[in-house]
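Got a structure for you, questions after.
Chain lettering (A, B, C and D) follows the sequence in which the chains are written, and residue indices restart at 1 in each chain.
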Amino acid sequence: MMEWFAENPVLSGIIKAVVLFAVPMQIVPGLIYFERRICAWIQDRKGPNRVGPIGALQPLADVVKLLMKEDIAPKGVDRAIYVLAPALVFIPSMLAFAIVPVGMDLQVFNPNSGVIFAITIGSFAVYGLSFGGWASNNKYSLLGGLRSSAQMISYEAALFLALMSALMMAGTVDLNVVVRDQIAHGWNIWRQPVGAVLFLVASFAETNRLPFDLAECESELIGGYHTEYTSMKFAMFFLGEYIAMITMSALMVTLFLGGWSMPTFLLTIVHDWFGVAISFDQVTLGTMFWSIVFFSAKTSALLFLFIWVRWTLPRFRYDQLMRLGWKVMIPVALANLAITATVIVLMED
Amino acid sequence: MGHDAHAEPEKKPGKLGLLGKAYLPAIAQGLLHTLGHIVKWDHNTLNYPDEKRAPFPGYRGEHRLTRDEQGREKCVACFMCSTVCPAHCIEIVAEEAPWPDREKRPKIFNIDMMRCIYCGMCEWACPCEAIELTEVFNIPVRTRAEKIYDKERLLSN
Amino acid sequence: MSDSGAGMVSWVLNGDPVESPAGMTILEAAKAHGAELPHFCYHPGLSIAGNCRICLVETNRSPKPAISCSERISDGLEVQTHSEKAVEAREGVMEFQLINHPLDCPVCDKAGECTLQDYSFDHGPDESRFVEKKNIRHTKDLGPTIKIWGNRCIVCTRCIRFCDEISGTGELCVVARGDRSVVDVFPGIPIDNPLAGNVVDICPVGALISKDFMFQSRVWNNEHTETVCGGCARGCNVTVETNEGFVKRLMPRENTDVNDWWMCDFGRYGWRYAHDDRRVSVPRRGAEAVETELEAHRDLGELVRGAWGGSKKVAIVVDPFLTCEEAHLVGRVAAGTGATVGGWLPPSGDELTFPGKFKISGEKCPNRRGVEAVLGQEVFGSQAKAVESMLNSGGVDLVIVFAGFPNADCPDALASAVGKATARVAFTLFDGAWSEAADLVLPSASVFEKEGTYVNEDGRLQRVRSKDRPGDAQLAQPGLHSASISSPWVTSELVALQRALVHVGDAERSLSAAGVFRQLADSNEHFKGQSHRGIPATGVPLGGLAPAGVGEGSES
Amino acid sequence: MTDLAFSKDAMKEYEWMLTRYPNKEAALLPTLRIAEREFENLDPAAMKYVADLMGLSPAKVLGVVTFYTHYRREGTGTYHLQVCSTLSCALRGSEDVCAHLSAKLGVGLGETTDDGLFTLSKVECLASCDTAPMLQCNDDYHEGLTLEDVDHLIDRLREEAKAGGAA
């Protein structure tokens, strides 16, 4: 099978691309459903439970509702940009997901720029948000757009610096190598705890999730950049946000949580229970399957964290957000980088 | 400020320390708290249309005009409710009552339920116990006009 | 209250030595010194009965409490109005008053302005000790406009004294004795005199009720506008009570120089024309309604501008319902266009004088003297004839008619004369011969919608105020209340004429009535030194205008 | 409106009466007595006549007539039984007398029997407190009443009426 993939790069690329598109698109509704259920539980409510068994069809109803809604473009919008903006949010998040190895050596494509591609593409999403805010011809939207651009640019720096620390451990930008390095030397979260925390915090900010959702904040900006969006255009923003969340979780898993690998003691458990011996030395169908399972489990756990944090922490004030970004995260990340570099150099000696 | 001996010592916010400033312990504490709620699995809400909470005694829902033993409205059109109403949602036009034992009755008695704030002052002000708030609270309608309840509607509530 | 020159009396009110003119009763003198005493049967305009006993005070002259409304003050008198004894005595009286009084304030139209209610609040017991059955007394019509709820009557006899002393008709009496006594009329002789409505006003409780006002409005919801009645040249001071822009009733306002405390039923019930459906409420060109008032006023301005400078023959017919300010503006239009101004008076009625000195003027218009003072003494006399003959002889280019008559009584001859003019403008309350002859019809404001001043038959200058307040205009939309009567929002002649003058260029901008009055005071010797703000609530006698019939024709 | 008029004698008496009082109004009570005698009872027409005669407003006359209980009013039966209800009589059982009369005659207070014979009413003090309880029948006092006395009185009056009616 692996051979077949290698022999038919075009066909396999298409298949991978379709899967890449289909899988996150299918995850998002589920994610929305779980977000609603989890937030309900946190608030001692029941959550959606009317549509289908235990409300499982609620996402479907949501989608249908969104599709059925009237598509409104307010008077005075800059129509071209207004229509473009949701796509600009949605597409980069999808593309960034492409380079994440969801299983053992399993990614849609593996450019030699590696993770830098993901970060670069991912940061395009800021255009979508600020375009949306600009084109809506609404002061709240504009404020939301401005906030999001400032916020994302600020936190991108911290995000990248934190990511650098993980890359430096492996000495490469190839994510598969990063994962293998972690198999060999232990997860980066233990070796780079500061980097991991910084990456996590910055990824919250990058995805505009609470406590950093200042671009949307309903109470002040009535939805911010997407105030004036309805129907599928709004749904695209929504999808973009959730896919960005998945991408960020996947990156976090890959960079700091061992990616598709598992620590040896867990592998023994799998061996004991399922009678499957997994060794990540070579790519087989079995290891690939299990690597996908491990990867999905870790990503799901991180997604749960995203949701959990959202319904626990209050929103930051905007100046607090900027202070945290510029005065804490970036200096700490730089210091971390410097120490890491020094240690690496010293150890090489 | 000066040095007033009797001045209350000013309370200063406690120093947070580095860890505290990073908020991480507090965040962890908060996350544990919410996790506790997830695990607790105890709901305060009902499956609303299927299950209905019995209104608490004294719940203030939609109004009702009461009738006397002979089935006539008790209201004597004294305007006390419309006078006391803070939302000015009660409109009354009085007329002479056709009955020998009563002098005055409302020709028109309208309550604009969209303006009503359900404060219950009308019930409180009524000298004849002619208006009272029921426990009915969920009567959806399609137009605003339907939410202006006239005398017949209020008497049938 | 007579100022007999007997000098001042030194007495002591609640421990404070005070001085009052001799001959005053304790109640009046105490009131003059700011001590309010409750009273039912006492009324300043009526004789003293002293039968309700709610005004009891403690004095040093007798061990028993004194009836303050009938006892006169004298030197050395010491009065305690709120001593324990006095208050206890009044509380006792109050308890007796309430024994048979029904607890029907919710349905009683007097509630809110009922003195029994007020004093019950001050002096009344929390609960009744009277466990027996209350007396039932009659509820019936006493006349075409008055109804009595006998149960509420406290037999203060104010109404009876009013009929005996003021109207002199004596229709009312107290029948039966003791707790069964109640006010009644002789069978077959209802109370039907021109002042009957006043008995409702002076009834301290809700026993006598005006059928016109019955159940129409609760008194506390009414807005009050202090103005002058436009029914006749007497110019009675009244308070117009409105609810949501609708006149609910007229109440007399105390003015001992004009109407004392009273008003006649013609004035009292004569407000319905203001809410008549047949009123002209929008301006029209012929039969076609003009979109906005401004447009109509510009039309008027255009016509006036065309005639400005005396190039054309212009006639103006005024009515005696115009305020002095409006008359002044008419004067300015007349001066600018060289117009001849004449006016018509409504047919005069009978002049009635009552034993209580109250007078109903035969002149059924409120401001003949004011219009004469502004536009010349002959404006309703020889000038009127001049205008008519001028119109009849033809060739008049523009005629402006003011017909604010509450009923369309227009002399046919004049209407046909008006029809002969080339351009015809009519300000009118109702459609009639005037408006049919006109090609620009503008709504006239009724007395209740005017701002300005009137001069009554005695030459007294009095303020007229509009019942409408800014922002009331939307109430003109038909609502539940107005199913049968409409409340037109009318821009008065004052505004229309000023807009026309602005259009001509003779005025910079439209002014309020007070602003126009200032111009009038500057230019007219009768009004010299007066200002709107300076006119007291009861009016002021206008200099140089002697009482009616004396100063006629003396105008230079 | 009415052709009621005092007879010559009555008019003479009225004229004489006027001389005895300071003003006309003060002579109202005795004049009403004359009218009562002349017109059998004081119905509105009679009151109106008196008012016109004396130059008073009819309402004033009505007020005076209704104030006093001892004028014969319109609709009063042949025998007007006025039971005193003031303190002494009340203490001595005037309530019982009233109730008894009411039951016996089948009428309530202020009402007249169907045959037009009796009118029952309850009045204030008739100044015979020493002989309480008492009632006044037309111009006669019946004092120190027991319920039997009342029965006797009624029976006697009925017979009297029968005889009078026959005569």
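Assume a contact is a pair of C-beta atoms (placed from the backbone, for glycine too) under 8 Å apart; a residue touches a chain by one contact, two chains touch by 3 or more.
This is a predicted model, so every value here is computed, not measured.
Among the chains in view, B has its Cα centre nearest the centre of the complete protein Cα set.
Subunit B and subunit D, compared by their mean Cα positions, are separated by 66 Å. Subunit A and subunit B have centres, each the mean of its CA atoms, that are 45 Å apart.
Chain centres here are Cα means. That of subunit A falls 81 Å from that of subunit C. Across the assembly, subunit B contributes no residue that touches 2 or more other chains. Contact topology of the protein chains: linear, an open path with no closing contact. The chain pairs satisfying the stated touch condition come to A-B, B-C, C-D. Contacts from subunit A toward subunit B in the complex involve residues 38, 41-46, 49, 197, 308-309, 311-313. Chain contact summary for the complex, subunit C toward subunit B: residues 104-107, 111, 214-216, 218, 220-221, 480-481. Subunit C meets subunit D in the complex at residues 160, 163-164, 169-178, 181, 184-189. Contacts from subunit D toward subunit C in the complex involve residues 44, 47-48, 51, 57-63, 66-69, 124. Only residues 24, 27, 30-31, 33-35, 37-38, 40-45, 47 of subunit B touch subunit A when the two sit together in their complex.
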